[in-house]
Each structure stands twice: as structure tokens, then as C-alpha cells.
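Common to both upcoming complexes is subunit A, partnered first by subunit B, then by subunit C.
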Partner chain A sequence: MAGKPFPWQRDELHPAARRALSVCGPLAFLGLWQLFGAAGWLGATPSPYAVARALVRLVTHGDPFLKKTLWAHAGASLLRILCGFAIAAAAGTGLGMLMGWSRVARQMLRPVVEMMRPIPPFAWIVLAILWFRMGDAPAVFIVFLGAFFPVLLNVASGMESYDRVLGEAAATLGASPLQVLFRVALPAALPHVFTGLRVGLGVAWMSLIAAEMVGVGGSGLGLLIESSKAVWDLEYAVAGMVVIGTVGLLLDLAMRGMEAHFLRWR
Partner chain B sequence: MRNEPELRLIGLSKTFPGRKGVPEVRALEDISLQLHRGELACLVGPSGCGKTTLLRIAAGLERPSEGKVLLGEEEVSFPGGQVGLVFQQSALFPWRTALRNVSFGLEMRRGRDRRWAEEEARDFLYTVGMEGFERRYPRELSGGMQQRVAIARSLAVRPRVLLLDEPFGSLDAQSRNSLQEFLVELWGRTGLTMLFVTHNVDEAVFLGERVFAMTPRPGRLHRVYEVGLGYPRDRTSPAFVEIRREILSYLSQVEKAPGGGS
Partner chain C sequence: MIRGSGSSSVRRMFAAFLSAALALFLLLSATGCGDDSADGPAVRLGHLRSDLHQLAFYVAKEKGFFEDEGLRVEVVGVYASGPDEMAAFQAGALDAGYVGIAPAMAAVANGRADVKALAQANLNGSALVVRRPTSIFGLEDLPGHRVAVPNPGTMQDLLLRLALASRGLSLGDLQVAYMAPPEMLSAMFSGSLDAFLAWEPFVARAEAEGLGSVMLDSRLIWEDHPCCILAVSGSFLKDRPGEAAALLRAHLKATAYINEHPDEAVRMAAEFTGLSEEVAAAAMRRITFTGDMNAQAVLEYARFLAEEGLAAIEDPAAFVRDFLVGQ
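Take a look at the complex of A and B:
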């Protein structure tokens, strides 16, 4: 660090060191967990080893209550998040563009949106079941609600704050107002769009798990946790949490990958 | 041919409405001027006299309060591909590469595909001396390169008139001079009708066949100077120095008396 007194001036860590460190952290965490468990400080909390064993059994034999495999549960959750998120992304972007573009639409929609936004998606569960009854539909609806508002509001603010000179430049090059909207304002607002998509995906994932825990859909990672509790198999519950965290992480990584690709001009 | 008017500004006035606590602004007052086909003219005036407003009206981006803009015989009231405008800060699309910035206007045309537009755009990028930079994003280009790309982007849609709003204003003296030479050379090659706004008198005399001088707010047309020197011009020649001195002394006179008309 010689000659570079401030943290923000220091060189990046060596890639190998970076990789080693990001493996060491989780390993240390697992080690402490196992150690504290063995010392009896964690009560009935299952040990990492027991959780790993439960994970393997989930794959080979399914969960102890419904006898559905991990793949079935994870697949159900993934299908719901992908469908609900796709609908929310399309609808949120479309309506957000309208709100950002038209003052009339903005004035009319803003109060409704601002009022509905603070309602947690999970609070819609009763209506969701009433409207969509059984199966995947109510869960997809909850996912939609979780993702829709962050996408909508970020797209709208992106459309309001983009540099108008770019639209004027496009107009002098012969672009029509619609072309300015889709070929200039939308790409210019893309950083905001991605912020909305990432936040929305996170909220949607958490909301989905909560909905599944009360039995919506009759399967999924949320139900896996809940049903394990019912038969008091705690290692299955923790195994379910580990999977939820991992899938959530992978979803976010996929989103970041897309963001890095589409915003490579920044 | 050459003396046919291409762009005519007729009796243009512009008042920006005020709002609570902000008085209205009379930016332009009865401005009439003509650009001949194939002419390179410059417009100088003190800061805030309405040069940008004038160009925006001529490009159809702003409506005049009075008067009209004629391109040939047609009135200009909307922006389109006919009157090009190069902005002071290049206003390139940051998400598009240099090549795709230039192809933008061509892609916007009905029934034209991207491949055709890019092939066409490549020629214009070469015209401004930017071969090898096709795939760079604007943030990867220097200020001078960005302005070259912005000029190519405007040229690509083949406008009848090109308006330039202090395009080299934020560049260092070195790149400024080389871009001025480039512009003269480009004009010689294309014969495009151009109106170049600047508040740098040296630049105006170096470039313009005629130089329009404006008064401070509200902007009126003060005088038209016929430069009458051949190209390329020598900044140290007595004739150049003389006409430059004449315009400068006018401008420093009006800068000292703010608010005074002609």
C-alpha cells in the first residue's frame, strides 16, 4: 500500500486472492456454524452436515410430507417467478413509459400508484385467491404485484429525467415522435429500467415464497419450508432456505449479467 | 444558381413567457436574413443575444412568436431531416457506437434496414476522418472526435441546410483550429449551405463568406460583414486582421453597454 494512503486509491486485489477470499468467507461461516452447534449453543438448529444430508434426500426421495422432489418444488417456484416477472416487466415498462411521456397520464395514474405501492404484495393474498382460485395463477399474480411497482416507478422517473436534447437531436434527424419515444427516450432511460427490474425481481421472489408458505399453488420452495415445519423436520426447512437464497442469488446474477450487456456503453 | 436563397428567416421575433417572479424574455426582435444556396455564413453576437434560439427556430424545434422560416418555398414549422442542427455539446446517443450514431437518421426512414443504413453511414464517418472508430462509444471519443461524429450524423440524412451552434466552443485551441480547417475543407467538398454560430470572432472570420453580427438582447441583426477573402485563409494577413478588428470593436462596444440595441 506504499504511497497510496487512501482506501479508494488502492489497487484491486489480485484475481486469485479475490477468488480465495470469497470462498474463505462462506467456509468460515459454515465452520463456525458446525462448531457452535457441536458446542450446544444453537439449540435444536440443525448442523450444516444435517442440512446437506437433507438436501441430498430432497433430491433423491422428495420432502417428508408431500414427497415432491427438490426439483419439483424449485421448478414450480421458478416457473411462477418467470411468468409473473415477465408480465410485470412488460406491463411496468409500458405503463411507466406512458406515465413518463404523457403529463395527463402521469397526473391521473400517480395517485393510484402511490396509494397501491405501499401495500405489501402478500397483503393481496385473499383477493388473489378469490380472483384466481387454485393452481399457479394466484402465485403468479403475487409475483406480478411484487415486481410491477418498482419497474413502473423507475421507468417513469427515467423517462422524465432523460436528456431532452437527445430527443431534439433525433427529431432534427427525421425521427417521428413515436420513434423518439422508443428509439431515444427508452434507451436513454435504460439504466433506470434495469434498476427497477432488479429491485422488482428481489421483491417478487420474497413475495412468492411468502405466498407459497400459506399454500398458494400447492408446491414450491415456500411450501417446502412450511410443510417441513409441520412434521418438525427442521433440517428440511433450513435446506429449503438455503435453496431459496441460492436461487435468489442466481436470479440476481442473471439480471446483472443482462444489465452489464445492455448497459455496456456506460 | 448560387445566389438563390435556400433558407430565409423572415421577421422572426421570439418572446419567452414569464412565470411567477420571472419576467418574460424578449429574445429575438424582427430578424430577417437569407442564406444563399451553398453559402457558408457565420453568426456572431454577445452571450445571451438569442443565437441558439434563432437556430432552434430555424430547425423547427421552437415556434417563433412572429415571423416565419422558409426553406426554398416551404415553411419550416417542425423538425425533420431537411434542416440539420449540430449542438454545442455533441448530443450523441451514448448507447450507440459512432457508426450507429451516424446511421440513426437513416434507420428512422420507413422501409430502410439497419444494414443498408450502416453501409451508408460508414461513408459519412470516413468523410469526417473517423475511420477506425466505428465501434467506439461516445464516451470513448475525445471532444473533437465527438463533434466530428455529430457532424457526420447530421450530414448522413443529407439536409439542405446545416446549422451549427458553437460546435467547437468547448474544445481547446489546437483541436478548434484543426476542426475549423476541416469544416472549410468539408464545405468545399460538399457545397452544403451552412450557418455557423460562434462568439469567437476569429473563428467567424476564418470560416464565413459573410458574418452576421447581432445586438444584445433583444437580439436584432446589427450588420452583415462581407469577408471577401479566399480559402484557406491566413489569420495573419492584413485584410483578415482588419475585418476581425472591425467586428471585435463592434462587439466590445455593445458588451460594455448591456441592454442597448443598435
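Take a look at the complex of A and C:
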């Protein structure tokens, strides 16, 4: 309690209270949403009930405009996300290690990376089409761009911040530079690597709408949101948003699980 | 002690933030009042960015037709897409707007937006474009090819379905991709898109840039199909009928001006959209500028939306009577 003047800053919560709170939050959110909607304060925003109805309809019949079920939309998007993210994770970790390890590489790459990082995924649509034509390839490219920079920068900063004395000690004991890189520096940077992967996966989902504006086939959650906007079936747009949020949350939980497993030495 | 001074400085910052927010609010509401002080509020108008179909708006503005009718028109929003503009109508931010009839009808039917069509802005003005060089010489060659339309439920989606139906084909025979018209040009340039059906000026641009050629003008699929309209909010029409009538007169005057001064209209179109005069002229040859609503065609479109389950319209005829002003 010392130094924590307010009860909500207490370090420890009873596990039951913790569980109850994490259910109460979303329930309160849904309740307020339904209430404000019923009071007419949200204009044409669909109510949680209408969104739930659209979700059920997506599962049983598919949407009314693209005529695809929820599984088709979510599956197509998930495939694009996982492909783009896998490439970004591999490339970002590799290049990030190089940037963190070599001062020359860092000096050369930093300005390029820092310049490209803030460019919104939407701005890449035209170039993605010109380079990767239509369909899934340009979509995967846009997801890749979203996920790549967070991975790269986190890995690089992890590699920069590890205690170099450890590396020097290992070298004195006869470790080769590659052994120092993979056996000392990389494990030390692992917490940063996981942070980068988790942030990258989140940004990958955030790039999905832009990614699916490149002329993908008839399914995808981003496409679902865009086309329901066109005919003003907003409950399907919000249903698509809910699915993106849910799948994103589940993937993040999976990543946290992996992180806890690989970093159990901490 | 430290804790105490910390929280008081937080409190001071909070107070400073609150007073800054309050000052900003007062400032904004004061400028808002300033607008109203002259002679009643201005007509808040929206339109789509550089949309050639909505040329009447630009002509009316540049030629002073709004002022001639005693109207003070303030452009409060320039939108990238029809649904965005309809969201602004929904939010009560617009009194009037130039917008596609498809998003307007969808928003009225599905979003229960209180919006009416005051006048047509144009009829026709889309086309089916095939990549150059092509192996598609007629609609019957389309199956198996990759064809783009803007979105399901758009006028272009319906036009493609109608064209295919005339040869006993359906969307399922093609590889349909949904994308925005500017992206269709890049996709055609990259060689991965075989054909698209979109509105002008993307048709004329595809031709001018040597990417594709027009296979079918949309007027040959459905003669005088509706396209962009001048829409007004229901409350504007009810509370300020005089201004709505004046807006209609200015719009009709601008539309007539376009048809009576074709050369000047092309020059103004180039100014409005940033296109070259050649491309603007080519595009305008496929657009019919008129203020007259084609009620029968609007009814057909409403039936399409209802039958395809794209809009909650139970009685298309009643819907259209309510949607079109003066029907």
C-alpha cells in the first residue's frame, strides 16, 4: 500500500476479483452501447443486438452482398495476415539483428527505416498493385509492411541494449562472434523480440482494410466492412470489426503464451 | 510531502487543461455564431472530390448561380466516397449534397437516413473497359476473366449484372474483384485486370493512358440509367423550402449552362477535376447532364436492391415516391 494512495493502484487483486472485473468491463461497455443507442444518442450506429444478429446471419447464411459466410471471410483474412506476418517476422528479426549488431548497418538503415515506418498502409495500395498485381500477393505485401517495422525496430533496440560485457566475457572464454550473436545477444534481446512480434501482429490487423482494397477475390473481413459500408448495412461492418478485434485478441493471447514459454527463465 | 505536491501539480495541470478546452469551445461556438449572424444560416453543402458527374455544382459556384438565387452556400465537406458523404448527412452535418444515387438510396433504406433526391445531376456516364491488347471482344468472351466493379450494390455492379444477363451469364462466370476505380487503373496497368466497369473519368483516363478501350458504354446496357443526384436532408426541405427551391433553380441553371456552353464546360471540368481538357471532353461525351429524375429507372434500381436483399425496401414504389421530391 505504501506509495499507492488509491485503492485501484493496489498491486494485488484477488484472482476471483480479477476475473470478475475482466468480465464486468466488456459487459458494461455493451450495456452502455445498447443504452445510448436506445436513447438515440448514437444516430445510425447499429446496436449490439443488431450486430449479434448480423454475426449469427454471417455464420448461418453469409452476408447479403458478397454472399460469403463468416468462415470464408475470416479464413481468407487470417491467411493473408499470417503470411504477411510470417514474412515480416522473419525479415524483421533478421534485419533487426543486423541493425542491432553492426554500427555500419545501423547508420545506413536507420534513416530509411525511420522514413518508411510512418507511411500509412493506404498509401501503398497503388504501388502494391503495380508490383504484385492483384489478388492475395499485394494484400500480403501490405500486411507485411504493417508488421515489418515494429518487429525490426524492437529487435534492433533489444540487440543494442543488451549488456555487451556479457558478450565480451563469452568471447574471452573462446566463443566465436556468431556464437556470441546467437547464444548471448539474441537470448538477451528475446523480450524485445516478443514485444516487436506482438506489436507487429497488431499492426498487421490494422492494415487489413487497406490490404483488401487491392482487388482480392470476393472474401475477407476488410472487404466485408468496405462493402457493407457501400450499401449501408452497418451492422455487418461492425460485425466485421468485432471479428477482427476478437481474432486479434486470440492471436495476441497465443503470442503471450509463447512468450511466457520461451521466457520462463525470466 | 512529495506525494502531496505531485497531486496538486496534477490538479493544476488538469485545471489548466480544462480551462484551455473551455476557451477553445467558446472560441469555436463564437465563430459558429458569427456565421449565423448575417442573414440566416448558410446552406451546408457536400460533394465528392473531383467528381466529373457533379460538374453542375462547380459551374453554379463559379458562375455565381447560388448568389443569383439569394443563397449562401458553404461547402462543409468534400468526400472521397458516397457512403462517407451519407454518413455526414446521417450526422446532421449537411443540408444538401451532390452524391451517387446508389449510396443515397442504400443509406435511406438501410440506415433510415432522412434524405431526399431533389434533382438528377447526371444520367449515364459509366462504361465497361477492356485491357489493351485484349482477347475480349464481346460480353460472351468475359467468362473466366478478372473483372472489377466498385462494390456490391453499386450502380456499376447492377450494370455488369444486366450486361451479363443479356447474354445468359452471371457474375459467377467471372472472377469478380471489388476495388475503387483509381486502383482499377493501376491493376490494368500491371496487366492483372482484364476488364472493369466504372464511372467517368476513369473510363476516359484508361483510354487516354492507353491501358484499355471502351467495350460497352453504360447507356447501351441501360439507357438513361440514374447516376449522381442533388440530395437534400428531409429537415432542410421541410424547414427551409424556399432555399431548397432556390438551390434547385441554381442547379438547373448550371446544368443548362453545361449543355449550352460545351467548350466552356470542358474547360471548367478540367479546372474542377484536374484532368486535361482532352480527357475531360472524352469523358463528358458519355455523361448526360440533366436535372430531370428518371423515376421509372429509380424504381428499377430500388427493385434490384430489394430483390438482391441489399436494402430493406418492402414496397419499392412507395419508397421511390417518398425518396424523390415532387413525385
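Simple rule for what comes next: the second predicted complex is superposed on the first by the 247 of 266 C-alpha atoms of A that agree within 3 Å, B and C clash if a C-alpha of one lies under 4 Å from a C-alpha of the other, contacts with A are read in each partner's own complex, and residues count from 1 in each chain.
To be clear about the criterion, a contact is a pair of C-beta atoms (placed from the backbone, for glycine too) under 8 Å apart; a residue touches a chain by one contact, two chains touch by 3 or more.
The shown structure was predicted, so the numbers you read here are calculated from the model rather than taken from an experiment.
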| item | value |
| --- | --- |
| Contacts of A:A44 with subunit B and subunit C, given as first, second, both or neither | second |
| Subunit B versus subunit C as contact partner of A:V56, first or second or both or neither | neither |
| Touching partner for A:A123 - first (subunit B), second (subunit C), both, neither | neither |
| First, second, both or neither for A:L223, with subunit B first and subunit C second | second |
| Partner chain in contact with A:P64 - subunit B first, subunit C second, else both or neither | second |
| Which superposed partner A:L234 touches (first subunit B, second subunit C, both, neither) | second |
| Touched partner set for A:M134, first subunit B, second subunit C, both or neither | second |
| First (subunit B), second (subunit C), both or neither touched by A:V214 | second |
| Partner chain(s) touched by A:A188 [first = subunit B, second = subunit C, both, neither] | first |
| Subunit A residues contacted in one complex by subunit B, in the other by subunit C | none |
| Of all residues in subunit A, those that touch subunit C in their complex | 3, 5, 43-44, 64-66, 125-126, 129-131, 133-135, 213-218, 223, 226-227, 229-234 |
| Subunit B contact footprint on subunit A (complex, rising order) | 163, 165-166, 168-176, 179, 183-184, 187-188, 190, 263, 265-266 |
| Complex interface listing, subunit C residues touching subunit A | 3, 7, 82-83, 86, 90-91, 102-103, 106-107, 109-113, 146, 148, 150-154, 175-180, 182-184, 186-187, 189-193, 305, 308-311 |
| Partner subunit A, residues of subunit B touching it in the complex | 59-61, 78-81, 83-85, 87, 89, 91, 93-96, 104-105, 107-109, 137-139, 153-154, 157 |
